[in-house]
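Look for chain A in each of the two complexes below; its partner is chain B in the first and chain C in the second.
Right after this comes the complex of A and B.
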C-alpha cells in the first residue's frame, strides 16, 4: 500500500448541525443539550463528515459574513456556456433550441471517448506531384469521415460518411447508421399527407383510418417523429374537447372573461361540483392514441433477432454499459424500448457543453466568485478564496520510530509531526488550537499539541520582506543553531520554528494498536488512517475605517476591532502499522 | 568544455535558465527558452525536428531564423527523463513538423512525453504522461500521473484530467490557482539550491 500523504481538510460551517437554527433562540436559556453539543468533539469518521470536509483550495470565503463557504453550500449561477473542444461560446438562447451539446463538428469516440477528427477519405495525393505547383489549393474533397486517433475507430464502421468537412453535426442528424437518410418529423408528416391524399378523398377520422390502412398503422417511428405525432394528436384532442357546446375557440378559454376560465375559478372556491361535471364531459371526448400516426408505438418484445445476431458476431461488437450510457439521446433512434447492444448502432457523441459559473454566498447572497464571461480568459472579476483569509496548515513528519511495515506509524510509540501554519492575512493573527486528548473511534490514539497557542506575523508584502530580510534571517538562524548540535528537542509550550508569516509547532501522537482480534471485528475501510480532529480559532485585529458604518459610535475611542474565526479541521497523519 | 567549476550539475545562463549538463538538447538553435526555466538531467528536447517545408514564397516575409521547433516560456520545470518533441502532420500532402509552444509556469513531470501543439501557462503535467500530437492544452490545467492525452485533444482551462484516454475528471477550484506558480520551485534546484520554505 502506498504511504499516505498527510492532508488537512477543513469543515465548512454549513454542515455543523449545532449551528442550525441556533440563531432564532440565541436569547433563550441554553438547554443541557446545547452544552453537550459544544463539548462533543468533531468526529471525522462520522458518515456525515464525508460531506463537509474540503481541502483548503476548494473553499471560498464570504467577507460580509466572515465565514468559510464550500462547494456544497454556495449558490452557483451560469455565466457562459461553451464547447470544451472548439471553445466557442454558445448563447443561452441556442441552448433552449439546440440542447446542451456542441452543434458544430465536435464529437467524442463512442468506443473510447477520445476526440474524433474529420478526415478526408481520399488517400493523400502523391507529395512529389504536389510540391512543384505550390499555392494550388489542397485537393482535399469529400467524402469525409470521423476518426479516433486513440482507438482507430472511424465512422465508416457504422457506415457514415459526410459530404462536407464542416457542420458535421447538422449532417449527422440527417443520417442513420448505415448511411441512409433520416426523415425529420416534418418530412414524415408531409409524406404521409401525400399518401393519405392519394388514398382517401374525404377527411378520415382516426378510427376509420386505423381500420382502412391496417398494415401501416404500426409503422416504426423514431423518437422525434413519435413525439411530434403524440403532441399533435393530443393538441387536436384538446382543441376538440375544450370549446364543448359553447363553440368558443381554445384561445378564448385563456381569457379571464371566458366562461371556461370563470367556471374553473368558481370551482376553486365552490368545492368542485361545477368542475367535476365539466371535467366528466371533457374526458368523455378524450381518447388514447391508437395508430402510429397518432404516436402509438407497440413495444417489440421479440428479441430473437438480436439473439440470432449475437450468435454470429464477435464479443467486441457488443457494447459495454459505459459506452451505452455515454451515448447521447439520438432522436433518429427507431427503437425506444431498450437501447441496442451492438457496436454497429453506436453514434459519435457530440461534446457536452461546459460552463463558467459565479458563486453566491448562501446566507447574504453576495457574490464571492465571478469569472470573466469570455471563454478565452482565465481572469476573475471577483475571487474570494479561503486560502487568502485562513492559515494554511502543512504537515510533515519529524520523528517517527521505525515500523515493521515501512511508511506506517508504529502503534503505541510516540511519533512527532511538524505542523506549519502560514498566515495569508496582512494582520498579525493569534492562533489557538484544541484537539481531543484521544481521537474518536474504536481505536483511540493519544494526541498532544505541544504548543496550542501562538502568534503568527502578518503576511507583509515582498518589499517589506526585503527590507527586514536581515532580521528575519537572524530569527531563523537562532532556531537553526539549536538544530546543529542535534539537541533541538520539541518542548511543550514552545513553538518549533518561526518565519516571516509562518510558525511551526510539534504534535505528538501515540497511535492505538489495531488489535482486531480483541474486538472480534474486522477493520473498516481506512480505519487504520490516523486522523486528528482539531479546532482552530484565529483572532486578529482590524483597523475600523470610516467606511464601516455599523461600528461608527465606537470609532472615536479605538481604531481597531477584534475579529475571530473558528472552525474544525482534520489532520490526516498516516496509516498505523501492525504491532 | 565549460570554464565554470566542473562540479556544478547545472549550466546557469544569463537569463536564469538552469540546464542540467546531463540534459539532452538536440538542435539547440531551434530551441527557445524564455528564462528561469529548469531542465533536469536526462530531459530531452528535440529541436532538430524543425519544420521541413518552408512557406517561403507564400508567407509574408517571416524573420530569418524563425524556424523554432520548441519554444518554452519562463519558470518552466522539465523533470528528469521527460521528452519534448514537436508534433508532425501532413501539410499539403507532405509530412512536416510544427512548433511545440509552452507557456510560463509549466511543470512537466518525470518520464512524460509531450507532442502537443501548445501548452498554456500555469499547467501541471504529472509523471509518465503522454500528450499526443497536436493536442492543445489551455491555461490552468492539471494532468494527473499516467494520463494519455490523445492526439488533437483540446483541454479547456481549469480542467483536471486523468485516464487513458484522458478525460476531464474535475474542475480546478479557484483556491488552487496559486499553486501553479513555480518561482519557489525554481530556487530549489541548480548549483546553489535554496531549501524549500518550511
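Right after this comes the complex of A and C.
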C-alpha cells in the first residue's frame, strides 16, 4: 500500500448542515436538532464531507463576509471566450450564432486530437527534382490540406482539400467527406420548390405522392436539412389549422401529444408564429410527416453495407468510442440514426472555446477573483485566495514507534506529530484548536493536542526579517526543549517551536487497532487512514482607521476591532498499520 | 571571466570509452561525431552519408550493428541496447536506408530490424527482435514490445494505437532527409578515424 503523505483539508462552511437551507430567522423556535448539530463534531467520513473538504490552495476568501469560499459556493461569471489554439477572443454575441467552437482555422486531429496544421499539397515530386535536392521549393499555392504532425493523419484521407489556406472552418462546413459540396438547407429548399412545382400537389395528396414515388422521396437528408424540413412542415400545418379552429377547447387537447400543446411548444422553441393557443382548438389532428420533403427520415436499419465494408478494411480503420465522442455534431451528417464506425467518416474537430471566469461571493456579490480580460495574460486583477488570510497547517511526524509495515502508524501506541501553523496576516493572531478526544468512525483513535491555544506573530516583510539583527533570531527557539542534550520532550501546554510568523505544536495520537473480528471481514476503503477533525478558531485585531498595519507601536485602542474566523479542518496523518 | 574559452562545455561527464573497441566498417561519406560512443566486440557497419550525432551509443556487444544509407542517429539514442532478454545473435540491429532514430530512443539488440524510411521518435523504445516495416513512424515515447511486427507504413501512436499512413510521402520524406543530412554535415565535425 502506498504510504500516505500527511494532508490538511479545510471544510468550507457553505456545506455546514446547521446553516444549510435555513434563513437567519430568529423568531423560529430552535429545534433540539440545532443544539445537537452545534455540539456535534465534524465527521470527515460522513458522505457529505466529500463535497466540503478542500486543500487550502483551492479556497478563496471573501473579505467582506470574512468567510472561506470554496469552488462550490462561488458564483462564476464568464469574462471572455477564447480559442485555446489561436487565442482569438470570441465576442459573446458571436457565440450564439456560431456555437462554442473556433470558427477560424483551428482544428484537432480526429484520430489523436493533436493540433492540425494547414499545409499546401505540392505536386507529386518528379524524379529529376529528387536528384537535385537543392532545387527551389515549390511555390505554396493550390489545394491545402489539414495535417497532424503526430499521427500523420491528413484530410486527404477523408477526401477533403481546401482552396484557400484561411477560414478553413467555413470551407469545411460546405464540404462533405469525400470532397463533394454539401447543399445548405436553403439550397435544398430551393430544389424542393422546383420539384414541388412539377408535382403541384398540396398536403392532402402528399400521401399519394409518397406512395407513387416512395423511393425518390426517401432520400437521405442531413441533419440540418431534416430539421428544416420538419420545421417548415409543422409550421405550415399549424398555419393551415389555425383559421379553421372554432368552439371550445376540448379536454383532449391537454395532453402532451395534443396538437395544441405541440403548437405551443413549437412556437416557444421557434419563436416564429405566435398563436393564441387559448382560443384555439382543432377538430382534426395533425398529420405526421410522410416523405423526406416533410422531414421524415427512415432509420436505415440495414447494416449490411457497413458489415460488408468491415470485411474489406483493417481494424485500424474503425473508430474508437473516444474518437466518436470527440466528434463535433456535424450538420452535414447523413446518418442521424447512430454514428458511423469508420475512420473515413471522421471530420476534423474544431477547437472548443475556453473561458476565463471571474468569481463572486454568493452572499455579498463582491468579486473574489477576476482575471485580466486579455487572453494572453495570466494575471489576475483581483484574487483573494484563502492562503493569504488563514494559517497554513503543515504536518510533520515527530516520534512514531516502528511499525510492522513501513510507512504506517502502529496501533495502540502513541505517535507524535508536529503541526506548524504559519500566519499569512500582517497582524498577530490567536489560534485556538479543538479536537474530539476520540476520532469519529468505527475505529476511534485518541487524540491529544498538547498546546491547544497559542499566539502566532504577525507576518512581516521577508527582507525586514533578513536585515534585522541576529539577536532577533533567539526568538526562533525551542520552547519545549528540556535541555541541550537534544532529547527534548513534548510538553503539555507548551509550544514546540516558534519562528517569525509560525508556531509548531505537538499532537499525540493513539491509533485504534484495526481488529475486525467482530465486525466485517475487511475494512472499507481508506478506513485505515487516520483523520482528525480539528476546529480552528483564529482571532486577530484589525485597525479600523485604515492605517498601516503594525507600524505604530502605541496603537489607539479605540481604532482596533476584534475579528475572528472559525472553521473545521481535517488532518490526515497516515495509515494505521496492522497490529 | 578571463579563463573562459570560446568552446562550449557540456555539463555531462566526459565520455569514457569502456569495454572493447568494436571493429568498424565505415563508408567514406559518413559523418560521425567525435563523442559518439561505439562499444562491443562485434562489427559495426555504417553505410554512406549516414550521420551519427554526439553521444549516440552503438553497442555491438550482443551482435552486429548495421546502419543503412542516409540514416540519422540522434543524440543519446542507443542502438543495440542489451535489453531484458540479453540474447546474443548474429545481427543485433539492422537499420534500413533513410532511418531516423531520434533523441533518446532505444533499439534493443537481438535480430531487431528497422525498415527503410522509418522514424523512431523521441524516447521511443523498440524491443529485441521487433521487426518494424518500411516508412513507419514510431511516435515519441511509444514502445514496440520485443518480437512485435509492425507492418509497412504504420504509425504507432498514443500508447500503442496503430494506423496506416496513406499519405504516400515517402519520397518527399527521403528528399527532406537528404537535405537535413546536408546541413548536419556542416554542423557536426566528423571524426571517423577515432573509431577505426
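Quick notes on this one:
Throughout what follows, the second predicted complex is superposed on the first by the 447 of 579 C-alpha atoms of A that agree within 3 Å, B and C clash if a C-alpha of one lies under 4 Å from a C-alpha of the other, contacts with A are read in each partner's own complex, and residues count from 1 in each chain.
In this text, contacts are C-beta pairs under 8 Å (C-beta built on N, C-alpha and C of every residue); 3 or more make two chains touch, one makes a residue touch a chain.
Just so we're clear, the structure is a prediction, and the values are computed from it rather than from any experiment.
In the superposition on chain A, A:111 makes contact with chain C only, not with chain B. With both structures placed on the common chain, the touch criterion links A:230 to neither chain B nor chain C. Of the two partner chains placed by the overlay, only chain B lies in contact with A:387; chain C stays clear of it.
Residue contacts after overlaying the shared chain place A:86 against chain B, while chain C stays out of touching range.
In the overlay built on the shared chain, the residue A:154 is in contact with chain C alone; chain B does not reach it. Of the two partner chains placed around the shared chain by superposition, chain C is the only one that A:316 touches, whereas chain B remains out of contact. When the two complexes are superposed, the chain touching more residues of chain A, out of chain B and chain C, is B. When the two structures are aligned on the shared chain, A:56 is found in touch with chain B, with no touch to chain C. When both complexes are overlaid on chain A, the residue A:420 reaches chain B alone and has no touch with chain C. Residues 112, 125, 130, 150-151 of chain A are contacted both by chain B in one complex and by chain C in the other. Within the complex formed with chain B, the chain A residues making contact are 56-60, 71, 82, 84-87, 112-115, 117, 124-127, 130-131, 134-135, 138, 148-151, 354, 369, 375, 378, 380, 383, 385-387, 394, 420, 422, 497, 499, 502, 504. Considering their complex, residues 57-58, 90, 92-95, 122, 132-133, 138-140, 148, 150-159, 165, 167-168, 173-176, 178-179, 197-198 of chain B touch chain A.
Considering their complex, residues 137, 139, 155, 157-158, 161-167, 171-172, 174-175, 178-179, 182 of chain C touch chain A.
Interface residues of chain A, counted against chain C in their complex, comprise 111-112, 122, 125, 129-130, 133, 150-154, 156-157, 314, 316-317, 343.
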